[in-house]
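Dropping the structures in below, format is structure tokens.
Heads up, the next two complexes both have chain A, just with different partners, chain B and then chain C.
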Partner chain A sequence: MADVLAEGYNVFDTKKSPSGTVKYLESPADVIGLIQSGKLAEHILLVRGGTTTFLAPALSMGAIGVITMSGAPESHLGILSREFQTPCVMTAHLTNSDSRYVVGSTDEAHFVEIARELDGKKVRLDCTDDEVGRVVAD
Partner chain B sequence: MTTTEGKRATFRQRYEQADDGLRFQDLTYTGNFVGMDPVTDGILGDKMMRSRARSGVLEKVTKEDVLRDHFTIDELNDLNNYLAWNIWDVLVMRATEGVSGMIPRQEYEILAFMHEFYRWPELMAMTTEAVGGAQGIMDIGASARREIGTKVNAVHDWCIGAVGFGMGRCGLLALEVIKPDEYVEESNEILKFMQRVLWGKRQDGYILNSQDRYRCRIHDQDFLDSIVNQVEPLDPDGPEHGAFTQFNAAAELLAFLDHYDCRLGLGDTGPYELPDGKLLILRDLFVNEEVFHWSDVCEDAKLPHVYTLALVLDPDIMNLEEIRVNDISTTFTRPKNYLQAVVGGAVFAREKWDTPMGEVYNIPISDLGDHLGRVQQATLKLYTKTSKMCRRDLIWNGQYVYYIDMILPHMRKAGTYEKACRDYDLWEIDQRVANYYYDITKRGFAQETVPSKIFSGAGYLPFPDGISPTRSKYRWL
Partner chain C sequence: MTTTLAKPDYDVLNVLALKKMAGAPAIAAVVELSPDDVEERLASLAAGGLAVVAGGAALPTDEAEPRLAATAAEIYAGVRGDDDVLALVEQFEKTNAALLTTMSSWQQVDVGGRKVANDHTDAAYDGKVISRLERLVGRLDGLIAALARHDARFATYATRFATALAGIDDGDHDLVSSPTRDSIHTVWFEFHEDLLRTLGRERAE
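Coming up: the complex of A and B.
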């Protein structure tokens, strides 16, 4: 059985199962840099928030998969990833950690831990379940 | 039963009187009903909230009710409670999104909420007087029945009451700068304006989509026919389907970005059931709002004010169980992925906000490639431009998107926007709100208090019984 590294809300159910190396994006400069590198399609994008604007050019230019550390399918990034049919797992938590995201009171260490564990890993997104999206080691 | 029969859509059951709808989330709402059964989302939640009302304002109301100048205190409290639930219903999950990394949205939102509550009542009174009274405001709402590409739409009209009154008052209460017995007259002014626009638009006695099982069916049949006649059939596996859905996504993304990551750039109506059982959603995507100075990149890309997409869904393809066009103009379905069920589409462009309907033109799906390129170009330029802005500029720009754009369409229709700019200092920041800029970052007000009070529905304190409906604020102690 595949090793599930993280789980979260599945934005929409799809048979698409993109794989790539997780790239943690911290700033707009990171987003622009990734697009200019021409390697957008090689990466599953990991971001902290569930808003749309931060990832705007990446979505527009063909991001293959997204993982967020907060937000829900009703958040703007959830709505847009559905429209782009870009598989997206939101409010992902690590399966080997008890730390969970709570609105307004989440410790910085929660986000740091997820970024440290997933950034640079080769993963595949499994978005076939109605509710739960999974980040699987590839 | 054959396999095909087993895949029939069941969404029509949602429109049967006894049906309570599906649950789209596990959370429940309490609001001012502590000690009572928690309220759910969706159709059941609407029923529960209406059953707890002390007046008839949440049921179908008459034109005479709407023309009357004042709500009773019971009616104000019923609207306050219902809007608080409705806000929770549409936003509690969205509000889990956390930091943007780009635009400080929680910060600009709370400033705009409070600014609106202070400044809008005067602008609404002036606008109501300018159009000859209550009927004139109802006529502004009614104008949306025969237009596409208009911002007189569900989200803007809802924002008048839900945001300007509901969230604005809630935010000021949370900041402890107003008390529950203050600004009653001003609250009435805002809620009457909202009720009149929405009643005039719907004309079925309701004001909100949630009261009508999440339907926003506002267009006359002959008007709809003229749009449906231009819909092109789409094979879900064909290249035209891909071109149409990709354009939908890209234009929607730019609409969000031009409106600082908020829902004001997007407007769905429907679902309209067609004679063959398919469903039509009409979607406005406002990709170039001329009052925002940052829209110069959209102007440079020669984008119209708005693209309108007609999406025809086959509910049987996706085994549709429920479809909601909620009060912030966004469509959600169960199952969630509706794009595979799009079997027809059309795209229209309206160059300016006041371009006559006769000059709105159809863009063949085969020609969308050129428009897509320009949308992507504007998106990249606007992103680059936005990424260079300092935090203060981002917050105040975002504040303007809410405070100006939420009532812009109504003032434009009334012909009072220029007067508001000239005589009422519309684009100035009220000194009280300017000072709140520093308060909202203290003690996590924007990041913690706003989600816990505003989006959870916990901070919508009622007006006290027996208070005068014309009471304002008199003491700053």
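Coming up: the complex of A and C.
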């Protein structure tokens, strides 16, 4: 069994299993920079979450996979990822950490830890389960 | 202190920030300006470091949001103090949650406890979702009208919703949730973001 680095809600079941290097996007400028670099399709995009609305251009320009650290599959981003058929794991947590996202009471360290662990890693998304989406080391 | 924008520039940059990436014609379709005028405004916003124009499309820079927020605080102070608007906004939060659930039920159906993609072969199911959407959109009428009393531009949301619903009635079901068209979901999302900015509020998780 491949090494599962993180798990979260699977936004929709798909046999698509994109792989790429995780890129943490913190701001609209990061998204613009990535699109302009022409390397969008080489990365699995990591963002903080459901309130991250700046990701839309990346999805429309062909992002291959998304991981969020908060938010629900019913959120705006979840709806968009289904429309674009971009595999998406939401509210992912690290499998080697007890830290979990809780609405309204999650401290900064939770997000920092996930970003530090995943950013730059080569991963593959496994979105075949109807509930759990997995981020697997590739 | 962040300087504020003059009105046509606010409208153009606001729509650009709502759409995240757009060309002049798409912005002109929503604001009361010609595509040429929008093009000119975009060039000036880009020169001011608030937008980036590349390959026929513009994107807002990180400086755009604080500038829009500062401007909204000034030009929409009246909206923020309008009790009628604020009461309607409370209702909107509930309606918004229902809209998100309804959109998801358009995209996915529950089969034996498992969510699977809606293949849209069940016209009766789709019909029910569409009528629920129509009712939810209808619940925004009061809020849109109250906002439009402060700034007429909000009335364009009513027109856009009506256009999308008319298209859906004509069988163009992409107008429910397509992110690349002026669908119910697109218009709703932009309205919600615009409302939050107008009121100076953050999006709830």
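We adopt the following convention: the second predicted complex is superposed on the first by the 136 of 138 C-alpha atoms of A that agree within 3 Å, B and C clash if a C-alpha of one lies under 4 Å from a C-alpha of the other, contacts with A are read in each partner's own complex, and residues count from 1 in each chain.
Just so we're on the same page, a residue touches a chain if its C-beta (ideal position, glycine included) is under 8 Å from a C-beta of that chain, and two chains touch if they have at least 3 such contacts.
This structure is a prediction, so every number in the text was calculated from the model and none was measured.
*Asks:* What does the overlay on chain A give for chain B and chain C, a clash or a fit?
*Replies:* In the superposition, chain B runs into chain C.
*Asks:* A:S105 in the overlay: touching chain B, chain C, both, or neither? Say first, second, both or neither.
*Replies:* Once the two structures are laid over each other on A, A:S105 reaches chain B alone.
*Asks:* In the overlay, work out which of chain B or chain C sits against more residues of chain A.
*Replies:* The partner making contact with more of chain A's residues is B.
*Asks:* Which partner chains sit in contact with A:Q36 here, chain B, chain C, both or neither? Use first/second/both/neither.
*Replies:* Only chain C; A:Q36 stays clear of chain B.
*Asks:* Would you sort A:P28 into first (chain B), second (chain C), both or neither based on which partner it touches?
*Replies:* After superposing on A, A:P28 lies in contact with both chain B and chain C.
*Asks:* Of the partners chain B and chain C, which touch A:D13 in the superposed model: first, second, both, neither?
*Replies:* Both: A:D13 reaches chain B and chain C.
*Asks:* In the overlay, answer first, second, both or neither for which of chain B and chain C A:V47 touches.
*Replies:* So A:V47 only meets chain B here.
*Asks:* Give one of first, second, both or neither to describe whether A:R82 is in contact with chain B, with chain C, with both, or with none.
*Replies:* Touch partners of A:R82: chain B and chain C.
*Asks:* Once the shared chain is lined up, is A:M69 touching chain B (first), chain C (second), both, or neither of them?
*Replies:* first
*Asks:* Residue by residue on chain A, keep only those touching chain B in one complex and chain C in the other, then list them.
*Replies:* In chain A, positions 12-13, 27-29, 32, 49-51, 53-54, 56-57, 59-60, 70-71, 73-76, 79-80, 82-84, 103-104, 130 sit in both the chain B and chain C interfaces.
*Asks:* If you look only at chain A, which of its residues touch chain C in the complex?
*Replies:* 12-13, 27-29, 32, 36, 49-51, 53-54, 56-57, 59-60, 70-71, 73-76, 78-80, 82-84, 103-104, 130
*Asks:* In the complex formed with chain A, which residues of chain C make contact?
*Replies:* The contact residues of chain C facing chain A are 20-21, 52, 54, 59-62, 64-65, 100-101, 103-104, 107-108, 114-117, 177-180, 185, 189, 193, 202-205.
*Asks:* Spell out the part of chain B that touches chain A in their complex, as residue ranges.
*Replies:* Spelled out, the residues of chain B in touch with chain A are 90-91, 93-103, 105, 245-246, 248-250, 252-253, 256-257, 260-261, 263, 330, 332, 335-337, 339, 375-376, 379-380, 383-384, 386-387, 444, 447-448, 451-452.
*Asks:* Please output the residues of chain A touching chain B within their complex, sorted ascending.
*Replies:* Contacts found on chain A: 11-14, 25-29, 31-32, 47-54, 56-57, 59-61, 69-77, 79-80, 82-85, 91, 101, 103-106, 130.
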